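Down below are the structures I want you to see.
Here chain A shows up in two complexes: once beside chain B, once beside chain C.
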Partner chain A sequence: MKHLTALILAGTTAVFATAAAAETNIRVAMQLEPPNLDPTSGAAQAVDSVVYSNIFEGLTRFMSDGSVVPGLAESWEIAADGLTYTFKLRPGVMFHDGTTMDAEDVKFSLDRARAEDSTNAQKALFASIADVTVVDPLTVQLTLSAPNGAMLFNLAWGDAVIVAPESIADIATKPIGTGAFTFTNWVQGDRIEIARNPNYWGTPAAMETATFRFISDPTAAFAAVMAEDVDVFVGFPAPENLPQFEADPRFQVLVGNTEGETILAMNNARAPFDNKLVRQAVAHAIDRQAIIDGAMYGIGTPIGTHFAPHNPDYVDLTGLSNFDPEKSKALLAEAGFADGFTTTLKLPPPSYARRGGEIIAAQLRAVGIQTEIENQEWAQWLETTFKGKDFGLTIVSHTEPMDIGIYANPDYYFGYNNPDLQAMMTTLTSTTDPAARSEMWKQAQTVIAEDFVNAYLFELAVPTVAKAGIEGLWLNQPTAAIDLTGVTWL
Partner chain B sequence: MTVPRGLIAGAGLAILFIAGALLSFLWTPYDILTLSIPDRLQPPSAAHWLGTDHLGRDMLSMVMMGARTSIAVALLAVGIGMGLGVPLGLWAAARRGSLLDEVIMRGNDLIFAFPSLVIAILITAVFGAGAMNAIIAIGIFNIPVFARLTRGAALSFWARDFILAARVSGKSPARISVEHILPNIANLMIVQGTIQFSLGILAEAALSYIGLGAQPPMASWGRMLADAQTLVSIAPHVALVPGFAIILLVLGLNLMGDGLRDMLDPRIRVARV
Partner chain C sequence: MIRYTATRLISLCISLIVASLVIFTVVEVFPGDPAAYMLGVNAQPDTVAALRAELGLDMSRPARYLAWVSGMVQGDFGQSYTYRTPVSQMIMDRIWVSLPLALFALVLTVLIAFPAGIYAASRRGGAGDIGVMGATQLGVAIPNFWFAMILVLIFAIHLRWFSAGGFPGWDKGLWPGIKALILPAVALALPQAAILSRVMRSSLLDMLGEDFIRTARAKGLSRRQALWRHALRNAMIPVLTIIGLQFSFLLAGGIVIEQVFFLPGLGRLIFQAISARDLIVVESVVMLLVFLVIVVNFAVDIAYAAVDPRLRVRR
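The block that comes next holds the complex of A and B.
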């Protein structure tokens, strides 16, 4: 009998021990597997999702609400002319390989990112940097060619993280940064594992280990969460399943903002969309709420221009392109298309595009515009639609933060060429006065909305499904990131 | 001669779907091109006999329109297979043992050796997704089925006395093939055609399930299933309706094929007597 009790006791202890151990591990799922783990040379958002803040850090960093706070730079001074930024680095910061992080590494990282042969996906972020000088091991000075009001914001991007020259050769498969987690293992096609960095300069992470899993199929994603095979799913792909998770006490659902303006892009360089009246007609034919309800099951905020609604500088211009099929038909008639016309509608894989596309096709059909839908895979979409510009209409979400600047690029896929807006964007980049910048953001939003460049649908929301009891996850996605540094189990 | 019961049941099911598909040209309960998001995912009711889908479309109308797509694609694909396969088989049989026979039959083996769905995916991936390419992809894989069957059946006739008589009377091999052999193997072709037709329905559903078949707004059972995937636990009918449509039509065609074989195949007929 004694033995039995002892056995039971031992058994119970063992059970409790595993339960307690489980609370410092977390299994995170996301849809896409990153192609590599180097955030400084590629556009894949999945890279940032894994490494941002967890493994790599920059001089400044984003918080979940989109604000920019000090990262590896403790403080900074900006000269009165806006041309010199002096960053004071945090002392005692070490890379995961034991080398110290100092001003030389900052210079190396920024010079590498803005170099002629750099493969950085966001080189524009660094375009205004003329020179990076090391003042002393903990002080680095940036000299700009022209004032850039967004410099601190730019340096918070995943593309601007600080890397070390010693470990740069293997960065794609063996990332070595300064973050609260160290990279431990990557089983390609299955999972990436990271572990707590015991030598972290800041507050150490509560999680001992974290595993990233990749599940792209919505049905499999649902099954994995329901079976509790994963603890967190960031960017859950099937919004229709969210009410079930909400109703289940085992889970919590967080619906946050992203920087993803979802638009019905029109090929401005090609007839009939080179005619503003036609674009306006398309804009008025669209019922945004029906798309949000139908494709996203109600999650998402209607937008009337290419700007995030949670940004303080956002102007609500949805009224400019309100749902008005009669007006749309009148505009089409005025443009010489009284009988409508036929165009192509290219749809990439996400459900906002595939489902939204069917709804938009029906709405356009109601005003006389026939669409030939073609469902495309991402590679095909990037090749023929985005690069090849072979499309009439397409639906895509632009997830980069503050990316209204794309409208100043006449070679961009939707082919909008407006010299006034281009001039405005050039002035904006060199303006540092926050009030003046804010005013110009607003102007630019109004210009593109009044030109009906694209039909602006909604701001993509990011649903995160997590087990109840997990705290500290990012609600919003100001940049693609699954920051686990502050995550704890209750 | 009695008509097998399976044939009646099978033909009944097939006719039901074919009638629904034909009716959809004239009338459907609702217009599937008009979406009504507020009415989505309604369970079956008096207003919507089979409920509504995730975009608020009437499922009965969708099934009717989907039947049209499935039947049209499968029918045309079988048409391609028969139209090319039967003449090739007859030709190979007429020139049996020659180099031509070898070339035709080894070519067929080659097509047979490829996993058909993979090639169908390849074709649609290269030439773009769409009903037409699905027809071609499925059609190509029907060619060797008919060519082989035709050649095998035709060969057995070439050894028969009445063919010998025709040859003696000076008829060309082509004429003998068309006038004497084709009528004798027509039964077999009808039976095989029915079976291939049901396989074509399945192939079309598979292709459109993975997004390579008919594109929206054309309705298609495979795509209805794909759309329903994440909704099974919320509104089971959106998955069950197209699922059962596929099952019932394929079951009907298979029963019909079996029944027809029982009725038309001379060997089985003799055995029964």
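The block that comes next holds the complex of A and C.
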């Protein structure tokens, strides 16, 4: 009986505790669980979603609008030749284990990321760094082998966060960073808990604790939000349910941009897609709006080239490949495929690919192109389609920010080889003048659109469902992140 | 009895070896490099090679099979590629959700099926029998994941009695843990209870037609007394078989239900590991499930011999 009373008492205090502290706790759900908590190795976006800016910080950082602002570096100077970057670090920054963050840690982190045996998934970000020198505890100097106009942008990625040699061994399960939240607990398969860092160098977070939960099934996601088991669902997997949440005064729905250019990739190195007329015919056969409406329930922005439409340098080239089946048929006839042809369409798991693929197959059939659809798991897609280049067509969203540079790599899976564009990209990388860079971005977009390298479908949108009264969530996803440092309850 | 147990044990070992070979081959043959998956589309080839070496994926397949099996025999399941933690620890964390869920569902199944089956058998052809049989027909036809969604809709979204899913952990106390398993266990148990009560009923009815029941009735026992005292025990053999099969099914069927209720059990682990090509986790968890199923079958075999002495002699 005593036990029973104790249990009941414990139960009631727990209830009161939740009720009283509701404004400083938040429960965030996302679809995928991170495999580990180390953002500096592996490409899993779920890792960054949890740790970016919350636990780990870099020298620079992204804001929700995609701009790059100072992070752990308070200021920097770039030498006139663009080869030397001198970063002034913020004083008094502590890692969560109580050690000081200084220039040695910066050197350690960057050297580790670009090392020979590094397992950093974005090692290319650091390729132009020739040397990292510690000037004094709060000053660090980067020497580049060639000027790199994207250096500050590259350092803002989750893959470039500052880690400490003291805590690196356990980073996968016990991440120690400098951010406004400290890691407290991870129940694998269920949740990750973080708590406010009382010794944070900047504005302390308003939330005392935050819990990340992982719900992959769309129906379960809907139930969890409706039952108010979670406060926020970032990347809500069932867009068909969004109108219902919009109509419910308990919730708010945010639809933000991502850096995900969703494309129907064509194997440029292989017949018949080595023929520009065929690629152009495919591009004109596609009705983008029908795909956005049918596969994404209306969320997503049509694109005409491989560039994010919310970027100021974006050029709207959708008119170049407008939906025109008659023109498509004429182009196919001109290319010698008056009776059409048959090709493969490989589809990775996300719904934009699986649902979009069915619609695209129907649209292509209307102009005479038959597709054999094959659904693939990610690992299989990476191995056979991406690496093995065994495909005719495939649908994928390229989620890395500012990744038009992939068109300068002739070994990339879609096999586009254009020396002019490759030269342009090399020049662009070493150009630091913003106006000149902007001009080159625009040129590159036009070149690939006019070559019809791929059929450009839409920019992936990310829907977030949150309880009414939560403010300060990121609307857009310039990088995968659920930054809770500025989140408050009204 | 010893000889019978020994032959059963040998067949258990052979089953395990064959299962390990089949699992390893099936998982490894499917294309997809775990290292390439982990590093994504921007990874450079030297990075992938560095990770493959770090994970031990550069060893030959037979060598990895032997390392895996010899590790398992010693209780070491190896290290997960993606989570970078020992697989045995991951399994231990998850099994405390999956096993209690399966047991809970099994208890519910038995608690529902026995009374329903006995009630229907004792009122053969009556309104009670028809009612129970109709209900079980429905129960057999409903898939458990669909039933799970209906339960969530009613009890989590509308009535708000339960959470829509998730598991607080046993360290938060016994009741919160059990509460989180109630809806999943009911969803798992009802279709199984429907099957079991039909088996219970027909098995009892078979027994009631046997000579020894007629003798018992002739002795002066009522139909119901004969059922309780003589038919029930003899009707247990087919029922035990089904319960054994059902436990295996509940353990494996939890995979789908754990997705619906986002429970951190073995099923979810398998789902995540398959999509991440975390081969060693997939192989080890499937092997563990096979092991549990084979051991349950072994236990059922032994239980037959305990219930029915003739089986001991025949083998």
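Keep in mind that, in the parts below, the second predicted complex is superposed on the first by the 472 of 490 C-alpha atoms of A that agree within 3 Å, B and C clash if a C-alpha of one lies under 4 Å from a C-alpha of the other, contacts with A are read in each partner's own complex, and residues count from 1 in each chain.
In this text, a residue touches a chain if its C-beta (ideal position, glycine included) is under 8 Å from a C-beta of that chain, and two chains touch if they have at least 3 such contacts.
Keep in mind that what you see is a predicted model, and the values were worked out from it rather than measured.
Partners chain B and chain C, once the complexes are superposed on chain A, both fit on it without clashing. Judged by the touch definition given at the top, the superposed model places A:Glu240 against chain B, while chain C stays out of reach. When the shared chain is aligned, no partner comes close enough to touch A:Trp201: not chain B, not chain C. Using the contact criterion defined above for the overlaid structures, shared-chain residue A:Leu382 touches chain C, although it does not reach chain B. By the touch criterion defined above, A:Phe323 lies against neither chain B nor chain C after alignment on the C-alpha atoms of chain A.
Once chain A of one complex is fitted onto chain A of the other, the partner contacts of A:Phe341 are absent, as it touches neither chain B nor chain C.
Looking at the shared chain after the overlay, A:Thr219 reaches both chain B and chain C. With both complexes superposed, C is the one of chain B and chain C in contact with more chain A residues. Shared-chain residue A:Gln188: touches chain C; no touch with chain B. In the superposed model, A:Trp489 lies in contact with neither chain B nor chain C. Superposition on the common chain A brings chain B within a closest Cα-Cα distance of 6 Å of chain C.
Residue overlap on chain A between its contacts with chain B in one complex and with chain C in the other: 219. Residues of chain A that touch chain C in their complex: 7, 10-11, 33, 35-36, 41-44, 116-124, 172-173, 187-191, 213-217, 219-220, 223-224, 226-227, 229, 349, 377-380, 382-384, 386-387, 398, 400, 403. Interface residues of chain B facing chain A in the complex, by the touch rule stated above, are 33-35, 37-38, 40, 54-56, 128-129, 211, 215-217, 229-231, 233-234.
The touching residues of chain C, when paired with chain A in their complex, are 30-34, 36-44, 46-47, 50-51, 54, 82-85, 90, 93-94, 149, 152-153, 156-157, 160, 163-167, 169, 173, 175, 259-265, 268-269, 271-272, 274-278. Across the complex, chain B is touched by residues 218-219, 222, 238, 240-241, 243-244, 290, 293-294, 355, 357-359, 361-362, 365-366, 372-375 of chain A.
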